[in-house]
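In the two complexes below, chain A is the common chain; its partner is chain B in one and chain C in the other.
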Partner chain A sequence: MSLPLRIPTPARLGYSFNWAGRIGLAVILFWVVIALIGPWITPYAPGDMVDWNYFGPVNGQFWMGTDYLGRDILSRVIMGARYTVGIAAAAVVLACAGGVILGMIAGVTGGWFDMLLSRLLDAFNGIPSLLFGLVVVAAVGSSIPVLILTLAVIYLPGSYRFARALAVNVNTMDFVTVARARGEGFGHIILREVFPNILGPVLADLGLRFVFIVLVLSGLSFLGLGVQPPNADWGGLVRENIEGLSLGAPAVIFPSVAIASLTISVNMFIDNLPTRIRDRSE
Partner chain B sequence: MSEPLVCVRDLRIGAVTDAKRKVEIIRGVSFDIAPGEIVALIGESGSGKTTIALSLMGHARTGCAIQGGTIRVGRHDVTGMTEGQRAALRGTEVSYVPQSAAAAFNPSQRIMDQVVEVTAIHRLMPRAKAEAKARELFRALALPDPDRIGNRYPHQVSGGQLQRLSAAMALIGDPQLVIFDEPTTALDVTTQIEVLRAFRSVMAKGGMAGVYVSHDLAVVAQIADRIIVLRGGEVQEEGTTEQILNAPAHPYTRQLLDAFEPVPHVSATPAERARPILRVDDLCAGYGVIRDGKPAAKVLQNVSLQLERGRNLGVIGESGSGKSTLARAIAGILPCYRGDMLLDGEVLNPDLRQRSKDQLRRVQIVFQLADTALNPAQSVGAILGRPLTFYHGLKGAARDARVAELLEMVHLPTALRHRLPSELSGGQKQRVNLARALAAEPELILCDEITSALDTVVAAAILDLLKELQRELGLSYMFISHDLSTVEAICDEVLVMLKGRVVEALPAARMSADATHPYSRLLISSIPKLDTGWLKGLEQDPELVAQFANR
Partner chain C sequence: MLRSATTWLLVGQRLGIAAITLVIVSFAVFFATELLPGDVAEILLGQSATPEAVAGLRTAMGLDEPAFTRFLSWLAGLAQGDLGMSYANNMAVADLLAGRLANTLRLAGIVTLVCVPLALTLGIAAAMWRGSLLDRAVSMLTISVISVPEFMVATLAVLIFAVWLDWLPALSYGVNVDSLGAMLRAYAMPVITLTFVVSAQMIRMTRAAVIETINTPYVEMALLKGASRRRMVLRHALPNALGPIANAVALSLSYLVGGVIIVETVFNYPGVAKLMVDAVATRDLPLIQSCAMIFCISYLLLITLADVIAMLSNPRLRR
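Let's look at the complex of A and B:
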């Protein structure tokens, strides 16, 4: 008896995507690859002034035109992907991991711990995010680790709230009661009984938060508090070249398109996750 | 014979699933209903009884569509009508009494406004006249204070009253046909009687025809003239109530009837007088904030019981009597604030976190709803494997072999272990639920209404399985249920609970004969019997009813 060799593709494992999800995934992967291989594919050094003309048009030499100092926009967008995708991904992972772990602990433990943590983070939630970012970056100075941590801290309370609300619901289900009556420890209840059943919504929330973080990061950079020159993330590129709009220069369009394409495709991907991940609790 | 009021011919209803697969729900059903006749549609869940009943109003649930056949109600051809014409039909020609009256009423409006709404929508009569008619109906349905009950909000009346009020809502437009969709299923037995009586008298007075959808043959026997037995969207048998109950022709009907007849339980092992497996003394438990060592809401008060090894204890009572709380207190999920529990002579700590792993293993609890009791993210194999690893340290191949054994024990195919709970039927889920408790190799299983959510035939199979497992493994069960025939079928002794107290302990086989407490007598006499004359002949002391029944 011989079993035919089958490559375990996502579809065969039951994780098939619909078209919107696939397009979203493709765009995300595209930007991730660009971010990884960026330094090797930039046609020009991103910091060099390569064109005598500033705000140059799209042509065969400069595919996306040039910026206010005559630097190649294509090279700068490629290098910007490193900052935007990297910082946003790191921050969203930190925010969601922290929020979900704390949320599950609070939701399952309940009592004074839940009360204390919830009120504390609620109070924190009251601080406007951009204002908090401005104050921290202004006080500590802007560096990439500071940016990542600041963004993560801004988005942790929301993620905590969300995960806690879900965990409280799952916690009252009979299968959790059965596990508790069996004598299972706290770790097992959180990791095996609760976490798999809140995973779908938590992933959707992660996607949404990623988009918010990209936008806040771009906002900070637009205000000059994000990634510092001569480097620039996409938000910084928009700020640098916004004056070019009145001159009809295409420089500002491409970083804007990059931000839009990334945020929209993340949403498309998360909204169309395979049902097996998304609707596990059904 | 006169012209039938309703004429259904070769009705076909289909649906398209999410996976774009076409499913036939109703496959060519034909029947007639004469004017003034009540026809019952009987069947298990999924047999299409509600779908057929709704189609008489020209309504199909989302995703379903009437694909063939004709339905004629009075002079109207329902299948050929436009949606607008059907809307005009509903409420005036055909009306509907839903299963859950609580969900059918808008909680923010007064009852009267909702009852007379039909007359306003169809412009049948002026408001004052409609209200007078509603009060007349309230009186006919034996509602208390009929002149003022309409001013109340839905939460200010009891469940049984609300169900009768929803019947008033259906009857105010003088329909020719009333559809009752399991209207008493969610009610307690003592409440059910009053509602059934009210339905019967008002239907007889009005000379209306009715369709009564139910899975409960005994209830149907009280109210229907004719019974149609359905299964898988096809008519199995059709006949007068007398004929179906006394001389069923179809094997499936016989199966349904057999499932209903309680087989008196014969104790597997003679009672050992040595040491009871479970002994509970003076147990008190409740919910809410604890002040001075007592919780705000006291549910259980001074409950004492004793369960001999190898025997079964039934706990019966209506909703809110504290049956489930008792199981949770014994399992330690809800720590009791007073009282002692002894498991096989060993003191059980009230809080399960203070109990030893071995004590936890010996007492297992099985919940009513297998849907929520099984982790939807874990496969059947993982669900059953966990207690094996946790209590017995089994791993790898040994655990897999034991999982297969457990599945076999509850009569499920071994291949099922790779499935998720959502891919199982209700009965299969309940078996997995039971197998998980067995995995611990317990001595006592607390069964909290484990058959209540299942169809009669499936529930009977689960009961047989419980008995078989008891013979093989020497288990003891504490069996909580509101259904007396289930309790009778499996238990040796029965506790009757009322408002958190045990009012009487009875031997299960002689429950009706031995009951002395007035509440137990009322409860036992309220269980519908498979006899068309039962409700008519039933006499209950009205004072007793007023005292205990939550009507």
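Let's look at the complex of A and C:
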């Protein structure tokens, strides 16, 4: 007797995406690829003035027009993807790694450690994120490592809070009690029992935090405290070309569209994650 | 409704926790600002200062004393309402802050009046007719607004209302505000921008909170016994969603005090957030500390208020 062959495809396991999620994922992957291969596909050097015409229109030579100095916007948007996507990704990974590790430890140990850390990070949450970023960057000076660390610090408390709440729930479940009774150590409980069971929601949370970080980074750059000229991320590109707004210049529209496309597609992707991943408790 | 003594005890306990948090916050704020690089005395005296002059100024300003002593005297001053003197221009911090804080609170107040009723109505309506055209339109709009940076909402508002339609001035300050009409026009742009930004978040969270209670068995029961959809949501679901909604509103409103730096910059509006960023540039520690305390206090106040509302509205939280 032969068993019917069933290949465990994502759809059969309940992990398939609907069309909105797929579009979101496609746009995210598109920007990631652009960020990775950016320097090799720019039609012009991003810092070169290639046109006498400032705020030039869209044409066959310059696909997205030119900026206030006559530099090619397409090349600058492609390079901007590196800064925006790269800095935001590094910061969100740091923030979530720190938050999840601390959150799991606090959630599993409880007691005064949990109490102290939770109160402290709650208090920290009260400081507006963009303002904290501004203050640190204004005080220390802006460089890419400073930006990454600042953004990571801003979003660590939120990630901690989220991971802790999940870990506390998982911690009371029977299989964790069983593992304790079996005599498993602290490391085993955190890594093998708790972590796999909070991974799905944590990844969804990571996506949302990525959006927030992109927005704060763009805000910092818009105020002139983010990535420093002559380099520019997307927020910086909007700042540089803001005078072109009343002329309806493509130089200010395309970077804005780039930011919006990235953040909206991440939101679409997260909102349409299969429930199996998003919420394991159901 | 009868509130028992234990309820008020719990509320008092919550207020106590808020007070303790406030002390921790003041500690964190003080020592975080101490960590800012750059010596105040050197910055004040400029490049040509002799080491003796710098040392003299440090002693005169009390910077030589240990940090913890200064923390205690700062805290004692705060408790008496003495915020200290600004390093940069030798004015009392309280005088510098008063005008700015009034501006910030006025803007925040106007935005609150506009956006809380708007956001709650839209959020509850979207949850009530879930999946309808209204719900989908509201969801689409709010997700777009929270997905784009604030400066894009602000510049878009300038582009539409000031450049294309020419209805409103692009800058809010500097225009004279003698008549009511002129004042309305001056505040219109920042208020429109902030209303979009703040209510988007509120609408989403209100909708989610109401939908969550709609999915509970007792609301289903109300539907089964023949209550209208309206009655089911407003009488059965809404009172139980009040806690999360209050929390969402509090979070959004706390943003209006310190988070509006972009809007203050784009519209040239003199509020507290801008004052703080300027203070960092001059290493004006007393001013920075006072601004940070204002943000933290307003956040704590709003969050505590939301928690108390949640406790009073939900008996299960009082056990």
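Basically, the second predicted complex is superposed on the first by the 258 of 282 C-alpha atoms of A that agree within 3 Å, B and C clash if a C-alpha of one lies under 4 Å from a C-alpha of the other, contacts with A are read in each partner's own complex, and residues count from 1 in each chain.
In this section, a residue touches a chain if its C-beta (ideal position, glycine included) is under 8 Å from a C-beta of that chain, and two chains touch if they have at least 3 such contacts.
These numbers were taken from a predicted model, which means no experiment stands behind them.
Trainee: Tell me the contact category for A:124 with respect to chain B and chain C: first, second, both or neither.
Mentor: The second partner, chain C, only.
Trainee: Taking the superposition as given, does A:41 touch the first partner, chain B, the second, chain C, both, or neither?
Mentor: Neither partner.
Trainee: Based on the superposed arrangement, let me know which partner A:165 touches: chain B (first), chain C (second), both, or neither?
Mentor: Touch status of A:165: no partner.
Trainee: Which partner reaches more residues of chain A, chain B or chain C?
Mentor: Of chain B and chain C, more residues of chain A lie in contact with C.
Trainee: Looking at A:193 after the superposition, I want to know if it touches chain B, chain C, both of them or none. Which is it: first, second, both, neither?
Mentor: first
Trainee: When the two structures are overlaid on chain A, which partner does A:33 contact: first (chain B), second (chain C), both, or neither?
Mentor: neither
Trainee: Quick one: is A:173 in contact with chain B, with chain C, with both, or with neither? Answer first, second, both or neither.
Mentor: Only chain B; A:173 stays clear of chain C.
Trainee: Please write out, lowest number first, the residues of chain A touched by both chain B and chain C across the two complexes.
Mentor: Common interface on chain A, chain B vs chain C: nothing in common.
Trainee: With touch defined as at the start, can you tell me which chain A residues reach chain C in the complex?
Mentor: 119-120, 122-131, 134-135, 138-140, 211, 215, 218-219, 222-223, 235, 238, 242, 245-246, 256, 259-260, 263-264, 267-268, 271
Trainee: Okay, in this complex, where on chain A does chain B touch?
Mentor: Residues in contact with chain B: 173-175, 177-184, 192-193, 196-197, 199, 280-282.
Trainee: Please give the residue numbers of chain C that touch chain A in the complex, ascending.
Mentor: Those in contact with chain A are residues 20-21, 24-25, 28, 36-38, 143-144, 146-152, 155, 158-159, 163, 254-255, 257-259, 261-262, 265, 273, 276-277, 280-281, 283, 288, 292, 295-296, 299-300, 303.
Trainee: What does chain B use to touch chain A in their complex?
Mentor: For this pair, the touching residues of chain B are 331-333, 352, 355, 357, 360, 364-365, 367, 369, 372-378, 386-387, 390-391, 422, 436, 440.
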